[in-house]
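Each of the next two complexes has chain A plus one more chain, namely chain B in the first and chain C in the second.
Then we have the complex of A and B:
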């Protein structure tokens, strides 16, 4: 059995391989296999899996690639994520990808789908419209139609049909994947010193670039390894990070928060992998309907989804209570409209519940963390001393 | 030309001012008239449906732009930033929220009543959704109707999408309107209004297309924002709108007959030197200064995308009284910002060609991702497809902190010099060829 350190090392390499070598190797084993890239936040990877494909999460370049061409495509007041993705598209990073999916989370990602169309990248470029109507007979039906478009796109490439049995089997695998991830979060909630937020981040992000079967094996190993104590308990405060669901913070930023005396007991970094809060029915005669029903009834709260009763603030406060957290760090990418437009109301909800909070903004390639570390350190000290 | 301090106004502008003034008076008077008030958005608005219930629409983005023109927006934006809104986000949202926090005083100085219904028909702008979530906080307990408009992902509107829109209207939007207004939905009344909408839409298209003539009798961007006012807002489906567009069409036709150029705030433009197609919204805080840079250089905007945010009628869409609900759905989905990028490129290229434009210019808005994300690629595509010089300037909707007059003027002057030189070269080549 491998050590946890070895697993973490493997995951950190997989998570930030911007050429997606593991996924490409997987594809090369069988001519009918396809690679479908998808952007944040959530996409039901089950349907691609069931059709002999691998849905690969494209979470941006972070601070791992120099952006030259991408900056010529975007003004300075657009977030950083799409310029890195265009850079990868114009380079060779996606040359083995068959299609791309752009979930409906904001205008930038939406328009990026059009840029991929204009640049003719991949065999299909699909804007994946989330329904914002949560009546199953209206929004649920619309969601099924959106899924069907992707099924048709894939069929055109590899002629594989969506088989009910296979789809249910895929659903089952992803249910298990979400269950294992939640187990890791639960362990970290109790014993945050056993696995740092950075290590946890590597593990979950690596799952976006490899088949779910392999990721499940890794997660099983991690869950088992975490049963034993590891690391040393520190006098840290317990915080939740909110607002980092799309453009990802650089690893240095997460590290800085931890080093400043904060245990990150929950976050929305890899929200797509944790989007559905309950298992999807894996026995249905209509798997698309099962996925749609889960989206409508079991989605987590998110700035990308319309919240008619605007209960996101209440849900965040509840999460703070559930995780026994002492504060919230609002950490959003610069120019991220969904996160930044939600922030005042979320802060208000925290204020009303007496939950301390701070906020800052970042780019995925931010290189200076001193100010953030000081801010997080002061936040941690203030809670330890005065709360 | 007249003094730069006294804006020259056409009859249609005066008529429009009266119409808007009356609307704001009517809004201020709702506590006596007991008319219900619906807050909604311009792109994909359901004005006929709202009016068919005898309710009055309020458009927060119109309030924001009016605040920008009245130099009030910076104060409102700061108010919103004080409660936690980032400098990075949409300034329409911040201006609107700041205005509400400061008493919700409309452009006529009278208070705008709070909403009885929040109608979120968000078309082509994701931020609208976040905006309304914030309004829900400001007006707790007010009923909300959500109309999710699917994007034209495939470059066309499918029957499935139309059915989805219709279902939402029937099962969600209309029942809430009935509940709020206390009136039953009357499809015949809606159809009658749509008949009037279609007449006004025909007239608007005729007016905008006069810009194909040389010289153009209109400016389809700066003056265009006045032309679209009634049809994009509270008057579509009314006789007032039909009358307004008849008056405007007569004015424009008369200028066309006389071979005159567009009316600017300083009078008629005597010599049309450059014909441009413009993409992106204008800046509102320095609207007149901004316009002046163009007309001082003899530049006329012959077509623009901004005048299509409330409907691309020149592509043939008309509200259809024989299919009122389907037609409302198609209208919402057809607005410019709901078109995918290849569609936008095709439309703008068509404008450059059909309106014989000398150049294509983008006014990129700092806080509007719906327009701005992807514009640099649109610009490259247009340049390649149409072979005209392209230009790029940056400003903001209603945040004067992002309007740099000197920078914009400098860039535009360089751009116009480039256009000038190109014209000279083309003329010389023609002479040599002959």
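Then we have the complex of A and C:
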């Protein structure tokens, strides 16, 4: 059995391989295999998996690629994520990809789908819309139609049909994947010193670039390794990070928050991997309907979802209680409209419940964390010493 | 309160590591202090060795310490109980050394921070220098190295200056160029050093003014022990007509570590009280 350190090392390499070598190798084993890239936040990878494909999460370049061409595509008041992704597209990073899915989250991502189309990247470029109506007979039907478009796109490439048995088997694998991730979060909630937020981040992000079967094996190893105590318990405050669901924070930022005396007991960094809060029915005769039902009834709360009853604040407060957290750090990418527009409501909900909070913004390639460390440090001290 | 409550504070700076062991009580007492220059060594290991040395000196082991708290770049020390932010610890440490202080100016190696504190050492407001090194202790170290002086000599030499040559107070790089020019113009070492001290003193006064610091102001950090620096600051305060009253303490360099040790004791009691309430 490998040590946790070896697993973390492997995951960190997989998570930040901007050429997706592991996924490309997987594809090269069989002519009918395809690679489909998808952007944040959530996409039901199950259907790609069931059709002999690998849905690869494209989470941006972080601080690992210099952006030259990408800046020419976006105005200065647009976030960093699409600049990096178009830079990757114009370089060779996506050479082996067959298609791209752009889940609806904001105008920047919608425009990016158009740029991919104009640049003829991949065999299909699908802007994937989500229902804003949570009535299963309306929003659910709409969602099924959107999923069907993807199924048709993939079929045109590899002629693989969406078989019910295969789809249920894929759903089952991803249910298990989500279950394992939740187990890791639960362990970290109880013993946050056993696995740092950065280590956990590597593990979850690596799953976006490898087949789910392999990721499940890694997560099983991690869950087993975390049964034993590791590291020393520190007198840190327990915080939840909110707002980092799309453009990912640089690793240095997560480290800085932890080093400033905070245990991150929950976050929305890799929210797509934890999107569905309950298992999807893996016995259904209509798997697309099962996925649609899950989206309608079991989605987590997020700025990407139109929330009719405006209950995101309540859900955040509930999460703080469930995780026994002492504060919230609102950490969003600069110019991230969904996160920044939601922030005042979420802050208001925290204020009403007496939950301390701070906020700051970042770019995925931010390299200086001194100010953030100071803010997080004073926040931690204020809770430890004066709360 | 447990009279045998021992706490350790370790302040990992960019040049020096300071460690303080205290007996925490209503009248906390310093039992031992250690200060070590890093000198291109692994700071985490230096800190670890210092902690071990203090424990050995008192025939103790790690488990006898109720709370080991770090500050500064404290994440470099693996074995610890908690970490406090530098401003919080300097405020507490300064309050311990100079209880009447209403403001603190931390004269560190990388930057200067002016902090307003409450009666219970709570940080109320602060201002600090930006990224530029021209107001920092590291800058004085660099200049002293160019001039072939040890950092310990700098303060006394500055006091002998008769006609100080003031350098750029805005940018360390420009100031270093100034110093090179001064050397080639034959300006004496004492006058160069005093000029640097005056330039830094002016930046400190600007910080104190913009913070609206209240007196008495406690000076902490490594530069607080530099006699030349303190003299220059006093002179500049007089010259600019500012009514700030500054005070320093022979243990000012340990303020961060003392603050960490004190907050560590406070947290230890608070955590135990919470646990008792749960039981």
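FYI, the second predicted complex is superposed on the first by the 387 of 387 C-alpha atoms of A that agree within 3 Å, B and C clash if a C-alpha of one lies under 4 Å from a C-alpha of the other, contacts with A are read in each partner's own complex, and residues count from 1 in each chain.
In this text, a contact is a pair of C-beta atoms (placed from the backbone, for glycine too) under 8 Å apart; a residue touches a chain by one contact, two chains touch by 3 or more.
In this text the structure is predicted, and so the values were computed from the model without any measurement.
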Give one word, clash or fit, describing how chain B and chain C relate on chain A after superposing.
fit
Just checking: does A:259 make contact with chain B only, chain C only, both, or neither of them? Give me first, second, both or neither.
second
Check the residue A:371 against both partner chains and state whether it touches chain B (first), chain C (second), both, or neither.
neither
Check whether A:68 is in contact with chain B, with chain C, with both or with neither, and answer first, second, both or neither.
neither
Could you figure out whether chain B or chain C reaches more residues of chain A?
B
Is A:118 touching the first partner chain B, the second partner chain C, both, or neither of them?
first
Determine, under the contact definition given at the top, whether A:277 touches first (chain B), second (chain C), both, or neither.
neither
Partner chain(s) touched by A:217 [first = chain B, second = chain C, both, neither]
neither
Given the superposition on chain A, what is the angle at the CA centre of chain A with arms to the CA centres of chain B and chain C, as a multiple of 10 degrees?
100
Compute the least Cα distance separating chain B from chain C in the superposition and give it as a whole number of Å.
20
Just to be sure I follow: which residues of chain A are touched by chain B in one complex and then by chain C in the other one?
none
Which of the residues in chain A end up touching chain B in this complex?
72-75, 77-78, 82, 104-108, 110-115, 117-119, 126-127, 129, 131-133, 135, 137-139, 141-142, 145, 303, 306-308, 310, 332, 334-338, 340-345, 347-348, 361
So in the complex, which bits of chain A are touching chain C?
232, 234-236, 259-261, 374, 377-378, 380-381, 384-386
For chain C, which residues count as touching chain A in their complex?
67, 75, 79-88, 122-123, 263, 266-267, 271
Within the complex, chain A is touched by chain B residues 83-86, 88-90, 93, 120, 122, 125-127, 129-131, 133-134, 136-137, 144, 146, 148, 150-151, 153, 160, 164, 167-168, 171-172, 340-342, 344-345, 364, 366-367, 369-370, 372-377, 381, 394
